[in-house]
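The following block contains the structure, expressed as structure tokens.
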Amino acid sequence: MNKLKVSIVGGSGYTGGELIRLLLFHPNIDLRQITSESMVGKYLYKSHPNLRKVTQLKFSSISELEKCDVLFLCMPHGQSQKNIEVYKELADKIIDLSADFRLKNLDTYKKWYGHDHEKPNLLNEFVYGIPELHRERMKTSNYVSSAGCNATVSILSLYPFFKEGLAEKDRTVIEVKVGTSEGGNKFSASSHHPERAGSLRSYMPVQHRHSAEIIQELSFGKLISVNFSATSVDMVRGVLATIHLFTNQKLEDKDIWKLYRKYYSDEPFIRIVKEKEGIYRYPEPKLLIGSNYCDIGFAIDEETNRVVIIGSIDNMMKGAAGQALQAFNIMHGLPETTGLEFPGFHPI
Amino acid sequence: MNKLKVSIVGGSGYTGGELIRLLLFHPNIDLRQITSESMVGKYLYKSHPNLRKVTQLKFSSISELEKCDVLFLCMPHGQSQKNIEVYKELADKIIDLSADFRLKNLDTYKKWYGHDHEKPNLLNEFVYGIPELHRERMKTSNYVSSAGCNATVSILSLYPFFKEGLAEKDRTVIEVKVGTSEGGNKFSASSHHPERAGSLRSYMPVQHRHSAEIIQELSFGKLISVNFSATSVDMVRGVLATIHLFTNQKLEDKDIWKLYRKYYSDEPFIRIVKEKEGIYRYPEPKLLIGSNYCDIGFAIDEETNRVVIIGSIDNMMKGAAGQALQAFNIMHGLPETTGLEFPGFHPI
Amino acid sequence: MNKLKVSIVGGSGYTGGELIRLLLFHPNIDLRQITSESMVGKYLYKSHPNLRKVTQLKFSSISELEKCDVLFLCMPHGQSQKNIEVYKELADKIIDLSADFRLKNLDTYKKWYGHDHEKPNLLNEFVYGIPELHRERMKTSNYVSSAGCNATVSILSLYPFFKEGLAEKDRTVIEVKVGTSEGGNKFSASSHHPERAGSLRSYMPVQHRHSAEIIQELSFGKLISVNFSATSVDMVRGVLATIHLFTNQKLEDKDIWKLYRKYYSDEPFIRIVKEKEGIYRYPEPKLLIGSNYCDIGFAIDEETNRVVIIGSIDNMMKGAAGQALQAFNIMHGLPETTGLEFPGFHPI
Amino acid sequence: MNKLKVSIVGGSGYTGGELIRLLLFHPNIDLRQITSESMVGKYLYKSHPNLRKVTQLKFSSISELEKCDVLFLCMPHGQSQKNIEVYKELADKIIDLSADFRLKNLDTYKKWYGHDHEKPNLLNEFVYGIPELHRERMKTSNYVSSAGCNATVSILSLYPFFKEGLAEKDRTVIEVKVGTSEGGNKFSASSHHPERAGSLRSYMPVQHRHSAEIIQELSFGKLISVNFSATSVDMVRGVLATIHLFTNQKLEDKDIWKLYRKYYSDEPFIRIVKEKEGIYRYPEPKLLIGSNYCDIGFAIDEETNRVVIIGSIDNMMKGAAGQALQAFNIMHGLPETTGLEFPGFHPI
């Protein structure tokens, strides 16, 4: 098979950098151009110091983009929808890592993003980018909108329960602990090391936009509500979601094991982590750094019908670049784990 | 006023060390003896390196204890109830920092601690040690049982809502993020730095014993249930509780401000932290290191009747030694903030 | 004794905030005005969140400053020398925490700071602000220039050796590990949390300006040279200096103990930390957070005449605000430890 | 080419785990057995949680070892020399990651390790395991003794200077900052998270055993001495060496660039990192996590003949498992970077 020509629009940020790192080592990809208007002509390693000596590629301008097979879009919110026609001209397949094409309902979009969508007719052309839920559509789709990081871990943790109608639909509480790479590379007073180091910042106790994605993906027929909050901890990569799910019937450990196995036993990137002893009894984001796994564990509160589900991913991987590449593999009929085999470190 | 003679039983652990540090600088206290059976005859600074050059006191054995005015008990769970008669002979007033005398219901105690209480008749002699709830009883009491750290921050955050009957009684979800000092100074494979550093450990997703204290203090008439989980983060001191409270009526920001002011405006150690801008919009545990404050903030989810309450304390201070000293001050008619004026650091 | 009226010029930065915290609790000080041109009229806690509920003071403008007994200057480099006459009109005594009046030699100043000093005739009016070296002059002086943080710990660690002529004068290597609060509150791409967290940044391998202070204070007759480097680690407060000193004669442990005792046994803020066992065998900056101690330890390399000296301070305290207050106490005949009794935390 | 059969003796520790992770993904290796006497019969992921779902291999006992092509030894110091004959029977080629066969001089060995070597006649059969210095011998050797982590980064940073006779031979000061994974997985009071977190521990100011390796490799003709100290910082992986080298002639930036290029321009795993601007002007260990690079930067002190050299590696990779695999590739005529392509992360 010939290598596929791939370019990236918006490659100087964190997500773009992670994607470059993956694509450079993907056996079926010929990485051609990476744009950054502010870095045109400079070596990639000026933005991504880990790529020093790894590649001699330089940043291009969007205006220099040539036709290719696949275009990844890694721009700030709002940019993809603005110029999507241009990108469609350049490539048959597009994978957008921004939030622009995730929500399918126009009113919902307006409610959470505060403005009308500029290309409403395209929303349904983009498959929502969690392969575990939409693999079949991806296989034949030209457009994928990669899912939000917090949404991904929340949805994967909860999907079997909502799909099977086991959840009380409005009581779920999702409390995510996130690293600071989620905020991107724009610095501010708030991200200044002496202020942010050692902090536990309640940066979005309510109204986090990823809530809308969770609601969209977990509402089967009847609209659910989720009670979401996000706290930033002193780590760079990783998300840990502690989810309080209330079931509408008594479930035991073995029931939940069976449930997860039904949905995920063949999934290459989902692991159920629930140990009776040892150091790592539940998922831990630090073990997932660089990997594309979503680890899921759970504990039952025997007093109530509460199940505490603990989900974890690397927000840069399964929460962004890794999941986008997983979609790429599916769209091209490649083995789904190609270029995503890295297992994570221990210790780290 | 003559200084009060004070001794500590069990002073080589973290809580004991913090208490020593406070008592050494309290103007009305003459700190006499600190026991540790494993450290008898050694300088305090051998266990508490911050006290080098600060005091020349050495550890004693329990068998050497002399009569004093007040005895603080800082021993592992189960030790206080075993020998409480001995301590009552030695001092008129006792402040117990362990969990032994916190729960007032024998069945509840057995359920959560797995064994019968050894001194059931003494349970009601001990005032539950949160001054903001039980100040009047403390003034005339000889025995105080200091509250659990996670329980303290949860109860103080929620008290006005439950006291006023504003909460849906079974839906509250409390997700606390805790530092590693909560676990005490016993090392293990799990506390080994390469394993614990950078970790987000779901060490108690369900069944945390502090739940019982929260239920006890917030059930007014009808027994409530709380949905509690605890995650250990890579910090040493501090607790941040992210609490999802569902109210039985629509509340606005000003209603909640008014509610907290009603209960806490005269409280020296409670601050409402809710800023519209700036770096520190909600409570942050790192700002509380060494202080006795409990900071409380909140955000309303306008979609539902959810209020996300964010409470924070230093588990060693308002969660242990500081709160115990606050009780001491109340029991002796001293200004409540004596020896507890330290405001915390910034930056840190 | 009446309280002394004290004001601070430039109080919205980190050093200013630390000084405010100390002065508010000093029994002999009436803190009057704190200036910040960017924060005029706002509560102090807007810059220093730890001071919420602690003080109701607001920031003033320099133009509003009233006469007082002592003025502390906490401004960026270059500001003090520009307006020093104004400040001398306002107060009899001035303690400058900037670098403006530290160096006594004009050529040296120009060499390290790149421009001529604006008030050369005033340089010798300011006592270099390390009390352990210049206590007697401070007692009768009206002007003190507080020493640099890295310089302070290096000088105190080395002083007895150089004073006694025991050091090879050009071979000393000083490698300091510093926290990010040293850089102040100006944020940048370099201080952005995802970049700075977990980093070990060689921010000043050569040419650190504090070298000049070390040379000035340790050259007795013959000018020495020092080989200084500074590495920033992932901590906010604290300095650890690892110093490789080569002695001109064989020294044993007991010789060095004797040497340090000769110079420092009566010093309230210097501790020799050298344990054969236990966790904390040498100085540790985290134990010094908030304290004014300078801890010094050492180890002898028996192969050579090398002594590795390990010195540590809190850069905000003994390295800035604490040492300035220590000078204040000396200048006013107060007990030197007044307002500086805080011993530090363990664990932290 | 048929895959080579490889087994590991002592695979439950940190180094063993890292090596397993690499070998599992090496295209020319068939990983057969991994021994651990304490974990016999258990899945690898019980010790190495990152390998969950990655491999179904279980730990074996040494007594079960079968013949193979290459044996890696990852045991605590002293074990390899004890049983080396057994291992030589099992495999033609052996790569030992312990310190047992690093030093070639018997007296030196005894001096630093405190006992006679058990197999003195084998010392010279083992090539000292830094490929950049001993590549040619490795190509035809059956035995390699992998170098110490701190020694590796120090030697690679200094080698060109000493080889060319440019260094003052006794003045070099090496101050390394190390992570806690260097200490292995044995927990203790000292590694307990509340004690170790945020610490800067001077764990080996003098007498570090890696000094002996540095002396051995950098003494060309005349024995040098090195002044080494090691400080443990709050990180898990990584070494940063700040080296103060005094040259016997004035060198300029371009001279040193030329020097390094002469020795290292063809080296796949050495990068010279010296930027005039940007965030990462010198090597940073966090950028090297998981990579086999040794990054080297430098700054010249124009006042003296001092060059500050900053070297950095991942102690688990170029300092242990990665370098061992690099040797393996060389011994088998494989491309040297096979299985070692991982470039490191940014941000992390």
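The chains carry the letters A, B, C and D, assigned in the order they are written, with residues numbered from 1 in each.
Here is the rule we use: contacts are C-beta pairs under 8 Å (C-beta built on N, C-alpha and C of every residue); 3 or more make two chains touch, one makes a residue touch a chain.
Computed from a predicted structure; not experimentally measured.
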(message) So using the touch definition from the top, which pair is joined by more C-beta contacts, B-C or C-D?
(response) C-D
(request) With centres defined as the mean of C-alpha atoms, identify the chain lying farthest from chain D. (result) B
(message) Just the number, please: Cα centre separation of chain A and chain C in whole Å.
(response) 46
(request) Go ahead and note the Å separation of the Cα centroids belonging to chain B and chain C. (result) 36
(message) Can you work out the whole-Å distance between the CA centroids of chain C and chain D?
(response) 39
(message) Residues touching two or more other chains, restricted to chain B: which are they?
(response) 14, 181, 185, 189, 194-195, 198, 234-236, 279, 284, 347-348
(message) Give the list of chain D residues in touch with chain C in this complex.
(response) 170-171, 173, 175, 177, 189-190, 194-195, 198-202, 205-207, 225, 227, 229, 231, 233-235, 238, 240, 242, 244, 279, 281-286, 297-304, 306, 308, 310, 312, 347-348
(message) Using the touch definition from the top, list the residues of chain D that touch chain A in their complex.
(response) 14, 17-18, 21, 24-25, 46, 48-54, 181, 185, 236-237, 271, 273, 278-280, 284, 287, 289-291, 293, 316, 341-348
(request) Sort out for me which residues of chain D touch chain B in the complex. (result) 14, 179-181, 183, 185, 187-189, 191-198, 234-236
